[in-house]
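Okay, so chain A shows up in both of these, paired with chain B first and chain C after.
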Partner chain A sequence: MRTITFDIDRFDGNRAWTQSYSFEYAPGLTVLASLFLIKEKQDATLNFTASCRSAICGACAIRVNGNSLLPCDTRLDDALDQWKSDKLHLSPIGNFPVVSDLMVDWSDKIERLRRAKPGLHARKEFTAETGCRQSPAELALIINQWDCILCGCCASECNKLSDDSKDFLEPFVFTHASRYAHDSRSADGMLHVKDMLSNGLWKCLHCMECVSKCPKGIKPAGDIAAMRAMAVAHGNTDGPGPRHAAAFRTDLENTGRLNEVKLVPRTEGMVQAATERMGFTLRMLERGKMSVTEVTELYLTDNKPIEGIEGLRKIIRSEGTPK
Partner chain B sequence: MTRKFAFFPGCVLDSAAREARMATEAVAARLGIELVEIPGWSCCGASHVQDIDPNAALAANARNLALAEQLGLDVLTACSTCALMLRTARQELLNGRKNDINKVLAQAGLEYKGTAEVSHILWLLADTAAEWGPQVKNPLRKVRVASFYGCHTVRPPQVMTHESHLDPHSMETVITACGAEPVLIPDRLKCCGFHAVFPAEPTAHRLTASAADDAKKGGADCLLTPCPLCQLQLDMYQPDARKTEGKGGDTPVLHLTQLVGLALGIDREKLGLSRHIVSTESLLAKC
Partner chain C sequence: MSEHNKDDDASLSRRTFLAACAALPVASSVVVDPAVAAETAAAPGLTAAGASPSDLLTFDVLIIGAGGAGLRAAVYAMRNTNLSVAVVSKTMPTRSATCMAEGGFNGVLQFPGQKDSLDSHSFDTVKGSDYLGDQDVIDFFVEKASEAVRETDFWGTPYNRTEDGRVAQRFMAGHQYPRTNYSADKTGHALLHANFDYAVGAGVKFLIDHQLLDVAIEDGVCTGAVLRNVHTGVIAPVRARAVILATGGYTRIFWLRTSTPYISTGDGTAAALRAGLPFKDPEMIQFHPTGVAHGGVLITEAARGDGGYLLNNKGERFMQRYAPAKMELAPRDITARAIETEIREGRGFGEGMEAYVLIDLRHLGREKIMARLPQIRHVGLLFENTDLVDKPLAIRSTAHYSMGGIDVVDYHSLATAIPGLFAAGECACESIHGANRLGGNSLAAAMVTGKEAGIGAAAYAAKASMPGEATLLRLANQWRDHFREATSRTTGVNFVELRDRMAKVLWDGMGIFRTEKGLAAASESLRDLQKEYASAKVGNPGLVGNTAYTHYIEVGNMLSLARCAALAALNRRESRGAHTREDYPKRDDVNFLRHSLVSLKGDDYVLDYKPVVIKRFKPEERTY
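Moving on to the complex of A and B:
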C-alpha cells in the first residue's frame, strides 16, 4: 500500500503545532479531496475553508511546501510529482492572520481592498438608458483582471508584503485598482491609482511571486507597472521610483546604455547622492569597482553611443510605436 | 563542447559587474563556447523602462532580438533580468505584437522574425555539466556554497520555463560539478531587493542582510548567484545592510561563472575576484 502523509500546521487560537496525517494513496484525488478525506475519516477538528471545488470561489487557498495554490485545482499526483515525495507540508497562506488551522482572516484585507475604490465610476455620457458600452478591444485590456477570485495566493509569498505590509498592499488590491483605472467606461482612471501611489505603488520589488502564484493567470506585477505608467503620464514624476525609471529611459535614448554614475543623482538628487551615498561611492572606488577617471568621465560626459543609436532612437521615439 | 551564441552582456557586465563579464568570457573560452557579442545591443530596460514607457521597452528588445537574428544565432545572457526582459519581449512579439513592432523596426532597416531563442548561461552550464565536468582541474572539495537563484532566473514560470520555479536544481547541478558542496538555505529563492533599492531601501537592506546571514548560519563559505544584479545588491550593499540590520557583512557573494572558473583552474586574476566589496580571501583560501 502506498501511503501519503500530510504534515499540517494546526492552530487552535492559542497553541500552534504540526500534525501528521497518513492515508492510502488513491489516483485522481485533488489535494482538497484529500483534506476532506482526513476530516471525514480521521479528525473532524481539522479546519479549512472550501466551497465551489472548481477554482471559481477562491475560498480554499493554502500553502503546499511553502507555496500557495488552490487545493481544489491541484491534483494530488501533480503535487507529489512536483516535490518528488509522498509527504507534503500544508500550511495556511502567508501574509494573512490565521484564524484556525488552514483558515485565514480576510477582514483587514477587505478593508485594504477598499483603498482601490473598487467600483465603476462611469463617464458622464453613460446613462441608465444608454448603459456603459465597451468595445471588445477595450474589454480585452481588463478582462483577465476580472477573473480575480480573491483567493489570496498572490499575497502569500509576495516578498515586499512579507517584509513589511505597512507601506505596501496585497497584489490583488493593485489588480483591482488597475482593472477600474484601465476600464474604458471609467470617468477618471486616476481615481483608483491615486491611493495606490501613497500605498507603495513604487515599492514593488519585482519578485514576480504574484504572477507565478495566481491560479487564474493574472499578472499583478504587470498591473502595478501599468498604473505606474498611468501615474507618470498624469504628471506624477517625483520620487525615487519614477525618477529611477526615467533615468533608464533617458539613457536608452541618449546612448543606448545605462550610465551607472548618473543613475544615483538622477534618482535621489545631487545632494542626497553626494552626502548619504558617499560611503558607498568610496567603497566602490576603493575596491576597484570603478576608477576615479571612469566615474569623472561618465559624470561629465556619457557612455559612447551604441552602434546604430540613430536607429534605436527612431524606434523608441516612433509615433508608429503602438500605444 | 563547441557552441556558438549571440552574446547579450547587459549594461552591468560593462560597468560595476565587469568581473562577471571577465569570468563569463574566461569560462566560455575554456569550454569552447563561442560568444559573438551582438553589435549595437542596447539596455534591455532593466525591468524599469516598462514602468514609464512599455512600448519603448518592447521595441528596444525587439531590436536587440532582430540584431541577434542577423547573426543567425540563439541569444545567451549572463543576467537574469536581461533574460527575463528579452524572453518577455519575445513572448509578446510572437503572441500578436510582431507585425506592428516590425513596422517600427523597419525605420531602422530591421525585421524581427522570431527565430532566436533566449537562454541563460546558468541553463547552458547546468545542462552540459556532464560534458564539462571532466575539465574540472581544481575540484572545490572544501567549499560549501549556498545558491541564491534570483527572482528573474526562475519567475515568472510562464516566461522562465527552463525548470521548476518552486524547486529548481540547476545551481546545485553546477555547484556539484565544480566539486563543491551545495548548501540549501531558506532564502535561496527569495528576492535580493535590487530593483527597489531606492524606493524601498529598508526592505532591500533587510533582504540582503537575511540572505547573507542565512548563508552563514547554514555554514556556507559564500553565496552564489547567476544574476549580476543580485550579486551587486548582496555584495555592494552588504555593509549598509549590516549597519541597519546587524546581520551579515562578511559573506562573500560570487557570480556563477567565477565559481566555475575557479573549478576549471582559470587564473584568479581573470575572474575578477578582487573586485568584490566583501572580501573573497577566506573563500579563496579553501579553493
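Moving on to the complex of A and C:
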C-alpha cells in the first residue's frame, strides 16, 4: 500500500502546530478531494474553505510546500510528481490573517480593495438605460484582468506585502484598479490610478511572484507597470519611482547600459544619495565591488554606447508612450 | 507559524473572552461579537431610521447571501436611501453559484433590425416552464431583464461585443432568437465580479463568514436574523427592519451528483420554512444530462454540440434508441433520461452512485479537442484522471438548478407573506421558471429579482418601526444551546454519512425518474435520516472556524428541504418539465396546473396548492 502524508499547519485560535495525516494513495484525486477525505474520514476539526471545486470561485487557495495554488485545480499525482515525494506540507496562504488551519480572513482585504474604486464610472455618453459601446479590441485590453477570482494567491506570494503591507496593496487590488483604468468605457481612468499612486504603485519589487503564482494567468505586476505608465502620461513624474524609471530609460537610450553610479542620485536626488547612500558606496569600494577610478569615470562621462545602439534606440522610441 | 502568532497576539484576549462568553449559561445577556460591533459602528447611517434602544446590532436592511441577487439587492437597498445595509455571507462573497454560470444572461436588447421581442422572450419562458411559470411575473421579468443587461454593462460587466460595439448575443436551447448576452464561457463569473466590484465601490458592508441560523418572526413580522460568526463561533441576533434572503438553491441535496458549489444547501429556504413560509414547487429540480461521474462538475453542452458520442458498456451510441434523429443533440431532459435508462437497465458502468456512461470525443482528434474544448478536457483530467484525447470520459446526469423556492407573494417587491421578509435569486420562487428553467434565465432572474428586492425591502424598511427583540434573543439562546449540545456529542453516526445516504436515497427515489413507490420510500428514509441526524456526531467542539458545525447545520437544512420536495413530488401525479413520473407520464393540466406549497406545522410537512397565473399564453403541449 502506498501511503500519502499531508503535514498540515494547524491553528485553533490559540495554539499553532503541524499535524500529520496519512491516507492510502488513490489515482485521480485532487489535492482538495484529499483534504475532504481527511476531514470526513479522519478529523472533523480540520478547517479549510472550498466552494466550486472547479477553479472559478477562488475559495480554496492554500500553500503546498510553500507554493500558493488552488487545491481543487491541482491533481495529487501532479503535486507528488512535482515534489518527488509522497509527503506534502500544506499551509494557509500567506499575508492573510489566519482564522483556523487553512482558513483565512478576507474582511480587511475587501476594505483594501475599496481603494481601487472598483466599479465602472462610465463616460457621459453612456447611461444605465442604454448601456455602453465597446469594440472587441477595446474589450481585449482588459479581459485578462477580469479572470481574477480573488483567490489570494498573488497576495500570498507578494514579497513587498510580506515586508510591509502599510504602504502597498495586494496585487489583485492593482489588477482591479487596472481593469477599470484601461476600460474604454471609463470616463476617467486616472480615477482608479490616483489612489494606487498613494498606495505603493511605485513600490512593487518586481519579483514577479504574483505573475508566476496566479492560477488564472493574470499579470498583476504588468498591471502595476501599465498604471505607472498611465500616471506618468498624466504628469505624475515627480518622486523616486518615476525618476528611477526615467533614469533607466535615459541610460538605455544613451548607451544601452545602466549607469549605476548615476542611477541612485537621479532617482533619489543628489543630497539624499550623498547622505544616505555614502556608507553603502564606501563599503562597495572597500570590498572591491567597484574601483574609485571606475566610479569617477562613470560619474563624469558615461558608459560607451553598446554595439547596435541605434537599433535599441529605435525599439525604445517605437514603444512611445505606453497605453 | 510566526505570522499566525503575530496575528494572534492581538486577538488572543478577544478569543479567550468570547470562548468564556459562549461557555456561560446565557440567561438574558446577548453576546455581540465585538469585531462585528466595531465594524458596524463605523458604518454610516447605522441609526438612520432611529436609534437602537438596546445594544443589539441593528440594520435597516439585512441581506443574507452575497451572490448575484444579494449584491444587486444591497446596491439598490442603499441607493437614494440613508438606510444602514449589510450583506451577510457564509463565505467570502464571490464564492457563490453565480460565478459558475457559463452560458449567459438572457435579455432582449431590441437592436435595430432584430426580430426578437419581449413578448417572444416571455413566450419562450412560459413554454420552457411547461406552463407552470406565472405569466404576469414572467412579463415583468423579461422587461426588467432587458434593462438589467444594459445596466450591468454600465456597471462594468465585460460582455463580449459585436464589431459595432454592442453586447454580443448567442443562441441557447429553447429560445427562438439569440438573446443570451455573454462573456466568453464565464458569464456568471464576469457578472458576479462586476456586481461585487460595484457593491464594494458603493460602500456596501459585508459580514463575511457569517452563517444564517434562523430568521426571527415576532407578532407576524420579521425582526431580523440569528447569525453565527464562523471565525469566532459567536452566535448573535441581528435585528433588522427588513431581511432579504438570497441564499441560492438546494441542489446539494444530491450532494456529489450536482453541478453546484458545496455551499448550495438551501439555508435561507430552510430558515424561511421554519419561520412559517411555504416552500413553493420544491419538487422542481433541473437535471443537466452531463456531469463528471465523480463530483458532478458540468461537462457543457459544447461537448455534444461539437460532435461527442454518448456510449454504453456495449460501445453503442445509445441515443439512437431515444432520439434517432437528433442523437446526442437531443434536448437536456431526453438525454438525461436516456443516460439513466441505460444505467438502470445494466448497460452502464459501475454501481450505485458510482455508475456512469461514457462520452467519447476521440474521433474529433487531438487538434479539435485542444482548440475547441480545452476546458472540458481539463475537467476530465482533474476529476476522472481521463484525457479525452485518448479515452472516453465517465459521465452521468447531475442536478443543476432549483426552480422551487421561498414563496414570493409580490413579484414587484419580492415580498413574502411575512412583512419584512423578502426573497430573491435561486432561493426565491416568484415563479419565473415553473417546472423547467431555460438556459440563460438564471442569471437574468438573479439580476432582476435582486434589484427589485433591494428596492422593495428599502421602501418597507424606511417606514417600518423598530422591531422587537424577544424572539431574536430566544432564538439566539436556543442556537447557543444547540451548538453546545451538538458539538459535545461523543457518540452517534458521523453526520456526513447521513448526508451521503440522503444523496443516494434522493437520487434513487427522486432523481430523473420518479414513481409512487420510489418517492414513498424516499420520504420514509428521509424521516429516518432526520431522526438519526438529531443525535449524530459533529466531531468538532471548537468555537474558532468550526466548519464541521457549519456543515452539520447545512445537512439538517437539506434533510428538511428534501422532505418537502419528496412530499410534493409524491403528490404531483403527472409529468411536467423536470418532474418525470414514470407512473404518470403525461402532463395533467386538469389536476396539476398549480403550484405545490409545502409548509412546516410543528414537525409535520403539510402540502397545499395555489393556482398558476395564466394570461395570454394558453397551455399547449410542449414540443420543440
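The rule we apply is simple: the second predicted complex is superposed on the first by the 294 of 323 C-alpha atoms of A that agree within 3 Å, B and C clash if a C-alpha of one lies under 4 Å from a C-alpha of the other, contacts with A are read in each partner's own complex, and residues count from 1 in each chain.
Going forward, contacts are C-beta pairs under 8 Å (C-beta built on N, C-alpha and C of every residue); 3 or more make two chains touch, one makes a residue touch a chain.
No experiment lies behind these values; they were computed from the predicted model shown.
Asker: Looking at A:223 after the superposition, I want to know if it touches chain B, chain C, both of them or none. Which is it: first, second, both, neither?
Answerer: neither
Asker: Name the contact category of A:106: first (chain B only), second (chain C only), both, or neither.
Answerer: The answer is second: A:106 touches chain C but not chain B.
Asker: In the overlaid three-chain picture, which partner chain does A:58 touch, first (chain B) or second (chain C), both, or neither?
Answerer: It touches chain C, and chain B stays clear.
Asker: Touch check for A:170: first (chain B), second (chain C), both, or neither?
Answerer: Neither chain B nor chain C is touched by A:170.
Asker: Between chain B (first) and chain C (second), which, if any, makes contact with A:75: first, second, both or neither?
Answerer: After superposition on chain A, A:75 lies in contact with chain C alone.
Asker: Common interface residues of chain A with chain B and chain C?
Answerer: In the superposed arrangement, which is not itself an observed complex, chain A uses no residue for both chain B and chain C.
Asker: Would you tell me which residues of chain B are touching chain A in their complex?
Answerer: The touching residues are 11-12, 14-16, 39-43, 45-56, 59-60, 62-63, 67, 97, 100-101, 103-105, 107-110, 151-152, 155-158, 164-167, 190-191, 193, 195-196, 198-200, 202-204, 206-207, 236-237, 239-240, 274-277.
Asker: Please give the residue numbers of chain A that touch chain B in the complex, ascending.
Answerer: Touch list, chain A to chain B: 65, 67, 82-83, 159-160, 163-164, 167-168, 200, 202-209, 211-212, 217, 219, 225-226, 228-229, 232, 239-242, 244-246, 248-249, 251-253, 256-258, 260, 267-268, 279-280, 283-284, 287-290, 306-312, 314-316, 318, 320-323.
Asker: Of all residues in chain C, which touch chain A in the complex?
Answerer: 1, 3-5, 7-8, 11-12, 15-16, 19, 39, 91-97, 99-100, 147, 149-151, 153-156, 158-167, 183-184, 186, 189-190, 193-194, 196-203, 206, 208-209, 230-231, 261-263, 294-295, 297, 379, 381-385, 494, 496, 538-540, 542-548
Asker: Flag every residue of chain A that touches chain C in the complex, lowest number first.
Answerer: 9, 11-14, 16, 27-28, 30, 33, 39-40, 43-45, 47-54, 56-59, 72-73, 75, 77, 94, 97-101, 103, 105-107, 110, 113-114, 117-120, 122, 126-136, 138-139, 142-143, 146-150, 176, 180, 183, 185
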